[in-house]
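The two complexes that follow have chain A in common; it is paired with chain B in the first and with chain C in the second.
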Partner chain A sequence: MSETITQQALRALVDEWIGAGTKVAGPSYVKKDLCQYVPLTSSAELLLEGFIHPRNSVKDFFFPRHEKIYEYTLKGHEVELADMTPASTPQVIVAARPCDTAAVAILDAVFNWGEKDEFYTQRREAATIVALACVTHDSHCFCTSVGIGPDAEKGADVMLLPLDGGFEVRCLTEKGKTLFAGRTQPSDKTAVIPEGPKVKVSPEQVRAALEDYDNPLWKTATLRCLSCGACSFTCPTCHCFDIVDEGNAHGGCRAKNWDSCQLCMFTKHASGHNPRNVQGQRQRQRTQHKFRIYPDKFGEVLCTGCGNCARNCPVSLGILGTLVELCAEMPKTVGESK
Partner chain B sequence: MSNIYMPDLMEVVEVKQHTADVKSVKIKFKDPEKQAKFSFRVGQFGMYSLFGEGESTFNICSSSNWKDHIEFCFRKTGKVTDALWRVDEGDTIGFRGPYGNSYPMEAWEGKNLVFIGGGIAMPPIRCAIWYALENRAKYGDITIVYGARTPRDLVFTDELEKWAEYDRVRVIQCVDPGGETPEWKGEVGLIPNVLAAANVPAGNTAALVIGPPIMIKFTLPVLDRMGVLAPDIYTSLENRMKCGVGKCGRCNCGPVYVCKEGPIFTMEQLNALPADF
Partner chain C sequence: MIEEIRQTCRTLLEAGTVNVVIAYGQSNPDGPVHPIFVTKPDDVEKIVWNKQCFANLTTYLTRKEVKSLGKAAILVKGCDARSLVVLVQESQVERSDVHVIGLACEGVGEPELAGKCRVCEVHMPVGVDVTIGSTEAAAPEGQNRYALVDEFMKKSPEERMAFWKQEFERCVRCYACRGVCPLCYCNQCIVDKNRPVVIDTSATLKGNFAWNITRAFHLAGRCVSCGECTRVCPAGIDLRMLNASLAQSAEKHFNYRAGMDPETPPVIGTYNAEDKENFIR
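Then we have the complex of A and B:
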């Protein structure tokens, strides 16, 4: 037995949420061939099939690319500050890919350790995430290599699994149950989800390969990297940011803006010294952060295998390729012996 | 609900120019209650804001025993410090902190202390020196080796003279060869060489070395030959930071978030880290 909903009923439900003032976001074609997670004004914009992975990720709705953290007004020697912590407005993310919802669960750790980042946590607490299982994948997908899968439930409040003409609905949390209460029909059909992409690397193997800090691979394999940051900006788990002032002589705001460890100024000291002066060091940092530093600190790999880094890279240099190359160099036993 | 990026407003109490491009600034909380409650440990740092220009990271270079103000020191070298250069008494700036770990002043009790600083590195050492002198009985002999390119690049020179007057304190000042002036009475030479020639007794010693990477690199072998062990040599990693609270992902050195687990590390800890600094 399972609970199901027809596509039509789901769209009606989405329109109801929008009508009730809830902020709703989901995948949509913003222009020809460009599918992104965007705020929706109607369920007609929502994509429920026929796409692999949007070009951005759902982190945009918890950790926006630009956000004011406070405003300041200058009055002679005096300064007035106005806190801009967002009010907790309910939001629903619908049809999020499992690799994106898992990423949000992974990001919770960094935004909550020690001091809480209220900008993230407020939005997170007020959000309900409805995931949509994948029935197809492309050559960039590698979720199964990092412990996620086409119907992984991590981070999701509800999981929708495509069935003929509708979806099997699995409500996983109280939030999810509330959202779909009375909207699903019992059915004897259960969805069958394909296995997903073939496993290409294992996090343990990558972790072991990363022990070799001076691997010449970082010099050779990353030569074509343009240092544009597209991989980080579209990555569901990359969360580095900058803090800058934007204003004039009278006032303005201080803002948190996305930043990327791939950009050359990222770690540059005022003295001119730069600990990560060349692109190879920056690529190494990104991989180390995802497969060694974050797992050691927070217990989870900072990558969900969505493949966006490769999909959006102007020189086809996704992290998967680097990982495969890194592990190929290793004697097979190293990863397994750990 | 609290905004962890929100600074406290501070009043500039005093600005002092040390060299052609270094100033130190005394600030106090506008809210007297916050000033009374504020405490930190020497070695910790803060995020200082000039609204409209941005935020920068500096050590709190005053002693934690001074309750009516805190101090920071900077070299005019970028957007924020260029703007801070224009700050005057009575102006308002922002402050977040204190952040990071601190010098193990308790663990250093009963030990001889060697402070070695190059150029603009004196401020983060100064707070520890004052703290040790204010608790003079708890520490053994104190040796301060401070060098800069020329006599005009030395900061807190008036305090160097004061420190030398304390019991069991030796202050060695030096300038780089070629940087000396006819009036210069201190040593001439690079810090590692001056330290090697100074005959500093090294038994039961903790050393704090802060300065440009090249200075630290050549000072370490000298300390090693003197017999100071890696767990007893401390330094401060001054990585670029933005948030100060382990979120923005900028300051890590290998697995270590410098803003949370640093900035103070022993050489033993640094030797275990990848060369990412």
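Then we have the complex of A and C:
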């Protein structure tokens, strides 16, 4: 037994949410060949099939690329400060890939670590995430290597699984139940999701390989890296930001902007010294953070195997290739699962 | 052709003429083609040449990580050879320091040929040390290389502004466009200047306009239309239109096209007392 919804009924429901003033976002073709998660003005824009992974990630809706923290106004010699209220408009993210929803659950830890990040948390509390299970994958996907998969429920409030032109609906949380209450039909069928990508790498083995901090691989395997932010900014789990002041003689704001450990300015000191002065060191940092530092601190790897870092990389580098190369050098005894 | 490419590279490495060959490789046969750096003669077998060889490898000639490997040989298509000309003219690369292997190219992109290849005039690269392969491919007769811009300029200023707002809105300031561009070689990019800040780093419409317009201006009369920035932008922004419009101006007003001829002085670096503008006198 299962609960189901037809595609038509789902679209009608999405339109209802939009009509009720909820911010709804989901995958859509914003132009030819460019599928992104974007705010939707109608369910007609929503993609429910025929895409692998949007070029961006759902972190955009919790941790936007630019966020004002406060504004300031200069009045003579006085400075007036105005706090920004974190957005708490209800939002629904619909048709999010499981590797994206899992990422949100992973990010909760860091944004609530010590100080609560009010901006992130409020958006998160006001959001309901409706995941869409994957029936296809591409060569960049490796979710199954990091403990999730094409129908992984982590971070999702509802899971939609393609079934006979519609979806099986699994409501996983109270929020999810409320969203779909009375909208589903019982059915005697259940969705069967094809197996995901084969396991390509083992996080334990990566973790062990990362102990060798001065591995020469960082110099050779990452030579082609161009030091941009395409991987980090489209990655659902990368979450570094920079605090900047922007304005003019009359006023301005303090803002939190996305930043990337791959950009040369990331670690540049005011003195001019840069502890990560060459690209290999920056690549090592990104991998260390995801597979050693974050797991040591928060108990899980900071990567959901979505493959976006490779899809968006100008030179098709991406983390997976590096992980595979790292492990290829390891003695066979450390984890056989490769 | 691939055997000849590999053999040429092998000979160069074996003879010690160069320490590294900057080439195209493929981690697996169905996977994407990407730049590789070959330092051992036997590794030349990893070199590939096919319709997916989009990258303009000359961008690596100014990168310190690559320079530290020693003297380089590089594979260039005709369009890439143009950026090398500009790099040499701008004193970023000493021409005699690089061994340039030109590849006869009928165009990249499959099944559809890349836009730049459909109007390409340099199927046989110029100014190289050796050319491998040959092709009869030529630019279509009477083509307008700025057709895209001309078409766009028929729109009203409001429509054009609306278009750019929509495009720049998506910019996440990842700087992949800058990273891939052979002519964005500055040690410190203007957008990285923060004492004081020159260009807002915020990915707001204001910051994004400032960034993309400034980058385009810094490439005026220099951009060789290799199309790499447009290809790599994760936000799918049509950067080529900006570059093409400035290239069109350089051609129209100064009869200059970047990287076409090593002997023609660069338009940005030339003083001409006969210039029609008065301020120069």
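By definition in this document, the second predicted complex is superposed on the first by the 333 of 338 C-alpha atoms of A that agree within 3 Å, B and C clash if a C-alpha of one lies under 4 Å from a C-alpha of the other, contacts with A are read in each partner's own complex, and residues count from 1 in each chain.
One rule holds for everything that comes next: a contact is a pair of C-beta atoms (placed from the backbone, for glycine too) under 8 Å apart; a residue touches a chain by one contact, two chains touch by 3 or more.
Everything quoted here is computed from the prediction, not taken from an experiment.
Engineer: After superposition on the shared chain, which partner residues are touched by A:Tyr213: those of chain B (first), chain C (second), both, or neither?
Structural biologist: Only chain B is touched by A:Tyr213; chain C is not.
Engineer: Check the residue A:Val244 against both partner chains and state whether it touches chain B (first), chain C (second), both, or neither.
Structural biologist: Touch partners of A:Val244: chain B and chain C.
Engineer: Figure out whether A:Val79 sits in contact with chain B (first) or chain C (second), or with both, or with neither.
Structural biologist: first
Engineer: Quick check on the superposed pair: does A:Thr136 touch chain B, chain C, both, or neither? Answer first, second, both or neither.
Structural biologist: neither
Engineer: If we overlay the two complexes on their shared chain A, which of chain B and chain C does A:Ser227 touch? Say first, second, both or neither.
Structural biologist: After superposing on A, A:Ser227 lies in contact with chain C but is clear of chain B.
Engineer: Could you say whether A:Trp258 touches chain B, chain C, both of them, or neither, answering first, second, both or neither?
Structural biologist: So A:Trp258 only meets chain C here.
Engineer: Where does A:Arg276 make contact in the superposed view: on chain B (first), on chain C (second), on both, or on neither?
Structural biologist: The first partner, chain B, only.
Engineer: Check whether chain B or chain C contacts more residues of chain A in the superposed model.
Structural biologist: Touched residues of chain A are more numerous for B.
Engineer: For chain A, give the residues common to its interface with chain B and its interface with chain C.
Structural biologist: The overlap between the chain B and chain C interfaces on chain A comprises residues 242, 244.
Engineer: Which residues, counting only chain A, touch chain B once they are in their complex?
Structural biologist: Listed in rising order, the residues are 69-70, 72, 74, 77-79, 81, 83-85, 110-111, 113-119, 122, 213, 239-245, 247-249, 251-252, 254, 256, 259, 261, 266-271, 273, 275-276, 281, 285, 288-289, 292-293, 296-297.
Engineer: List the residues on chain C that touch chain A in their complex, please.
Structural biologist: Contacts found on chain C: 27, 30-37, 55, 59-60, 64-66, 170, 172-176, 178-180, 192, 194, 197, 200-204, 207, 228, 231-232, 234-236.
Engineer: Inside the complex, what are the residues of chain B that reach chain A?
Structural biologist: These residues of chain B touch chain A: 1-7, 9, 49, 51-56, 75, 77-78, 81, 90-92, 94, 212-213, 238-240, 242-243, 245-255, 257, 260, 274-277.
Engineer: For chain A, which residues are in contact with chain C within the complex?
Structural biologist: My answer: residues 30-31, 33-34, 36, 55-56, 65-66, 139, 219-220, 223-224, 226-230, 232-234, 242, 244, 246, 255, 257-258, 260, 263-265, 278-280, 312, 314-317, 321.
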